[in-house]
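Next, two complexes with subunit A in common: one pairs it with subunit B, the other with subunit C.
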Partner chain A sequence: MDIVACIKRVPDTSEADIIKISPSQKDIEKDRLVFKINDWDEYVLEAAVQLKEKLGGTLTAVTVGPKDWDEVLRRALAMGADSAIRVDQDVSAEDPYAVAIILEKVIRKLSYALVLFGAQSEDFGSGQLGAMVAEMLGIPHATLVTGLEAEEKKVHVKRELEAGTLQSYTIELPALLTIHTGINQPRYISLGGIRRAMQKELQVMSLSDLDLSLEALTPMVRLEKLELPPKGKQAELITGAPEEAAGQLAKILKDAGIF
Partner chain B sequence: MSSILVVAERRDHALADVSYQVLSKGRQLADQARVELLAVVAGSDVNAHAKELARWADRVLTVKSDRLEGLLAEPYQRIIADLIRKRKPGIVLMGHSSFAMDLTPSLSVELGIPLVTDCVDIFWQNGDVLVTRSIYNGKVNATYSFAQSEIVLITGRVGEFSVEEGRRQGQVEEIEFAFEEEFDYKKFEGYLEAEAGGVDITQAEVLVSVGRGIKDKKNLEMAEELARVLGGVVSCSRPIVDYGWLPSERQVGLSGKTVQPKLYLGLGISGAFQHLVGMKGARMTIAINKDAKAPIFNVADYGIVDDLLKVVPALVDKISELKGKTE
Partner chain C sequence: MTLTDFKYGDVIHRCFRCGYCKFPINWMDVNNCPAYARFRMETYSCGGRLWLTRAWLDGEIEWSDHLADILYSCTACKNCEVKCPLSFNIDILNMMVAAKGEMVERGEIPSAVKDFLENIQRQGNPYGTSRTKRGDWMEGTGIEEYQGQEFLYYVGCVGSYDTRGQQTARVLGKVLQKAGVSFGVLGNDENCDGNEVKNLGEETLFEMLAEENVAQFRGLGVQKVVTLSPHSYNAIKNDYPGFNGDFDVLHYTQLLQGLIRNGGLDVSGGYNATVTYHDPCFLGRWNEEYDAPRAVLRAIPGVRLIEMARNRNGALCCGGGGGNFYIDLLGGSEDSPARRRVREACETGANILAVACPNCLTMLEDAVKAEGLEDKLAVKDIAEIVGEACGIK
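Coming up: the complex of A and B.
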């Protein structure tokens, strides 16, 4: 089964307390942030590699971004992807629709039975890209997939609704799925895998290789400004060394009648 | 702009909570712009829902079909796309549910209209509609406008818009729709509920809830110990279930359980909104987290910004000490 996995690189803002808005108010200052593969995309790669191990076929990893983004493709190659393509275009300011147009063009050049995306990205989290590309390719899709079994011509998927409910579908291939966290346990990358990944060639494409121009990507949605969110009710902070803070908190809990 | 259209969503034969939330927001936006509020509901038994929606909407459109079982996105997409083409509402509004995530991106591509998902605010500015989204783990708000679009598609974040009382008696209009295809490439097989295990976190008065910041499975013991001295149980946020460290019955949040304990003590939980909607009913919330900017500190009553691996053992000792004095 030939698989295409679309992945991206994100700044890790989960524990960053130094987020600053750029003077333009259109971006954040990224120079002090650490970048990594999008959390959801690790599950995408694991799901893809498992399918390849079971059913054979090729796995191609695709990303859209500047040179630094090669690192997520190297990771994909180390996990077991056969080839990797980067479209050399900074799309961080584009809306998902523009990125979907690029990815549709790339995927049409490849052989695929299954296309996998992360259900959303950690940075913008709009969760739109996969289902948009499916519509452009004219293939069925399921988003938020937390269970996946594949046969030669179809997949059985479980997708997540709210409050612990799942729904299950059988979908004919070719199809596109967006993968949710928890669907598997992403493997650790071996040293051998890293070595092999360094020897493989990354294919770089430009917009013109895809018969696209920047004008074709004009976003339908325009970013007006970024700002820090209004502060909610702020917690009363208990300070001091751990023992001291713990002592104060224990007293608060006791006074509240918790124990 | 002639109208605003709210796409209502049904779950277990009832309207989804988030549909009421965006319906209220839609009503407000329609009143401000002096346009009609439309709502659409589709399914096999829609009459009761139509009456309900008519308390907010000026006009409720119903589509009766027995082919919509299992919330298959494709047949819904055909119905909604057809409706949008015919009625040309300026704004199409939906709750940012799992169903909307399946439906709205392909709908936007089919119609060539812009989509902004998971909005925390929707408002008018000089006659244009603007939306705000929460990005970068809730640490930045981004406001967007729509460039020259006649129709825009917006989904609103679950729990973000308050439900105002609906006092109208809108008209109900039944719409005929005939499918031209079979959708046999995608078959609904059924709903699955998470397996119930031994612990019901919704019944606990004290929850010690662990998140990614717990770092290692073996540190769960520390949380169990704290729960034990407080007479509570351990719950968690999504990553802990994803890692396989706790079963999904312990998960608090949008895709897990909604809880209302007397005390909610979050350990290493950052407070993504999907988590917070599940615990906002807690009477007292305490957060222990290294990251001072973690959104959970915006909802907690008390917080300690420190390494939970140091604070929790000390807290267990202090509580045991205080308990010893009273016993």
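Coming up: the complex of A and C.
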């Protein structure tokens, strides 16, 4: 089964207090941040590699971004992708529709039975990209996939809905799935593996290679402003030494009748 | 990889599980392998793990989460290596690290180990806290950044990020200031020393950290290093020379011993307590430094130093080595090595359990709480005891 996995690079924002809005108010300040593969995309790659190990075929990893983004493709290659393509275009200011236009063009050039996306990205989190690309390619799709079994011509998927409700579908291939976290246990990628993957070819494409121009990337949504949420008035920040803070917290919980 | 490709494939079969790897100093009991003490199953002892590794590489058993947990429950405390009577004992711990290395290459490691290693890849510390917060511990201390002073004070990940470790890092900094030692730190520019990374089997990541740290130290003109953690001491002393990093490195207890002896540090304020000392594996068994910490304690007026039955190369590991202070495969039981160790400390009648390692400090302090021994025993780093003896609050 030939698989295309679309992945992206995001800032490691596990600590909210290191996020600062840039003066343009259209982006965050990135110079103090480190970057990593989008959390959902790790599960995408693991799912893709497991399918490849079981059913054979090829796995191509695709991303759209500047040169730094090669690092997520190197991870994909280290994990078991056969080839990797980066479209050399900074789309951080673009909306998902503009990115979907690019990815549709790339995927049409490839052999695929299954296209995999992360259910959403950690940075902008729109969750739209996979569904848009599926519509553009004219293939069926399922979002928020938490269970996946594949045969030669079809996949059986489980989707997670509200309150843990699960929907089961059988979908004819070719199809596109957006993968949720927890669907598998992504393997560790050793630094040695990443270094060995440096030997594998990584194809770089430009917009013109895809018969696209910047003008073609007509956004449907324009970002006006980024801002940090105001500090809630209901929140009380307990400060001081851990022992004192724990004592204060215990008192608050006790006074509230929680224990 | 098959058994024949395994670096130790031709010797691993030589362990016939005599069981000496579990002994402390003598035959007093068989619980000095921390993982065996915790689980009381042969598979968790060094001999058991070697047999399992052989069976796994030979295709007799499949990889499983359980197998990975068993291998990663090894804390690299070196008790097995010191106690094994056979000539191949120099490699039995290396065999375990190599087996972990094979799991790393296959990507099949416990999820907590994966988090540990990925956090170090990204942020240079196992906690995944931002690199930009590494130097937060030194705020308000007046400790200078390294700019050619005599010593680089290398703090390490636990001292930089763990709340309790930070307290110790600050006290040691103040003690060095008080003694007039010329030293500086790297602050946010410090990176993980890699000692645990190596023992978790991620050899390439370790090499990268060692290369980067050596290049940084050399670039700054560092010649002498003093470390808070025995783990850092071990990596810089024993591994960095292989990366062109020949530094004159001291664990802080060695530096303090000299300062006190030469009158450079006044500890006449004293410390009135009955103290028992827990040997950290990476200072003790790994580097055979048993005397400097004890000499520092003995030099402090008021300290009555008594020994636990298991001491020096027979000390029981706190269970925090091999990344287990974070991945915690040995916790959750009254048989956890840290809890066994604090009960043993309590039995001596000491009211202070002194340590010389921030990992041991956090492991044993948690164990005192779990055992409900807070009113009988307090865990203190030797830096804190010295700090009090020289009037530092």
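Quick note on the criterion: the second predicted complex is superposed on the first by the 244 of 259 C-alpha atoms of A that agree within 3 Å, B and C clash if a C-alpha of one lies under 4 Å from a C-alpha of the other, contacts with A are read in each partner's own complex, and residues count from 1 in each chain.
Here is the rule we go by: contacts are C-beta pairs under 8 Å (C-beta built on N, C-alpha and C of every residue); 3 or more make two chains touch, one makes a residue touch a chain.
A quick note: this is a predicted structure, and the numbers were derived from the prediction, not measured.
Within the superposed three-chain model, A:235 lies in touch with subunit B and out of touch with subunit C [touch as defined at top].
By the touch criterion defined above, A:214 reaches neither subunit B nor subunit C. With both structures placed on the common chain, the touch criterion links A:93 to neither subunit B nor subunit C.
When the two complexes are overlaid on their common chain A, residue A:14 makes contact with subunit B and with subunit C alike.
By the touch criterion stated above, A:185 is placed in contact with subunit B and with subunit C alike. In the superposed pair of complexes, A:132 makes contact with subunit B only, with no contact to subunit C.
More subunit A residues lie in contact with B than with the other chain of the pair subunit B and subunit C. In the superposition on chain A, subunit A positions 14-15, 185, 242 are in contact with subunit B in one complex as well as with subunit C in the other. Of all residues in subunit A, only 11, 13-17, 19, 21, 28, 95-97, 100, 119, 122-132, 134-136, 140-144, 156, 158-172, 175, 181-182, 185, 218-229, 231-239, 242-243, 245-247, 249-254, 256, 258-259 touch subunit B in the complex they form. Taken in their complex, subunit C has these residues touching subunit A: 104-109, 111, 113-114, 117-118, 121-123, 128-133, 163, 202-205, 208.
Of all residues in subunit B, those touching subunit A in their complex are 11, 70-74, 97-99, 101-102, 104-106, 108-110, 113-118, 130, 133-147, 149, 158, 184-194, 206, 212, 229-231, 238-239, 241-244, 248-249, 251, 254-258, 262-263, 270, 284-287, 290-293, 297-307, 310-312, 314-315, 317-319, 321-323.
The part of subunit A that touches subunit C in the complex is made up of residues 12, 14-15, 18, 32, 34, 36, 79, 185-193, 195, 242.
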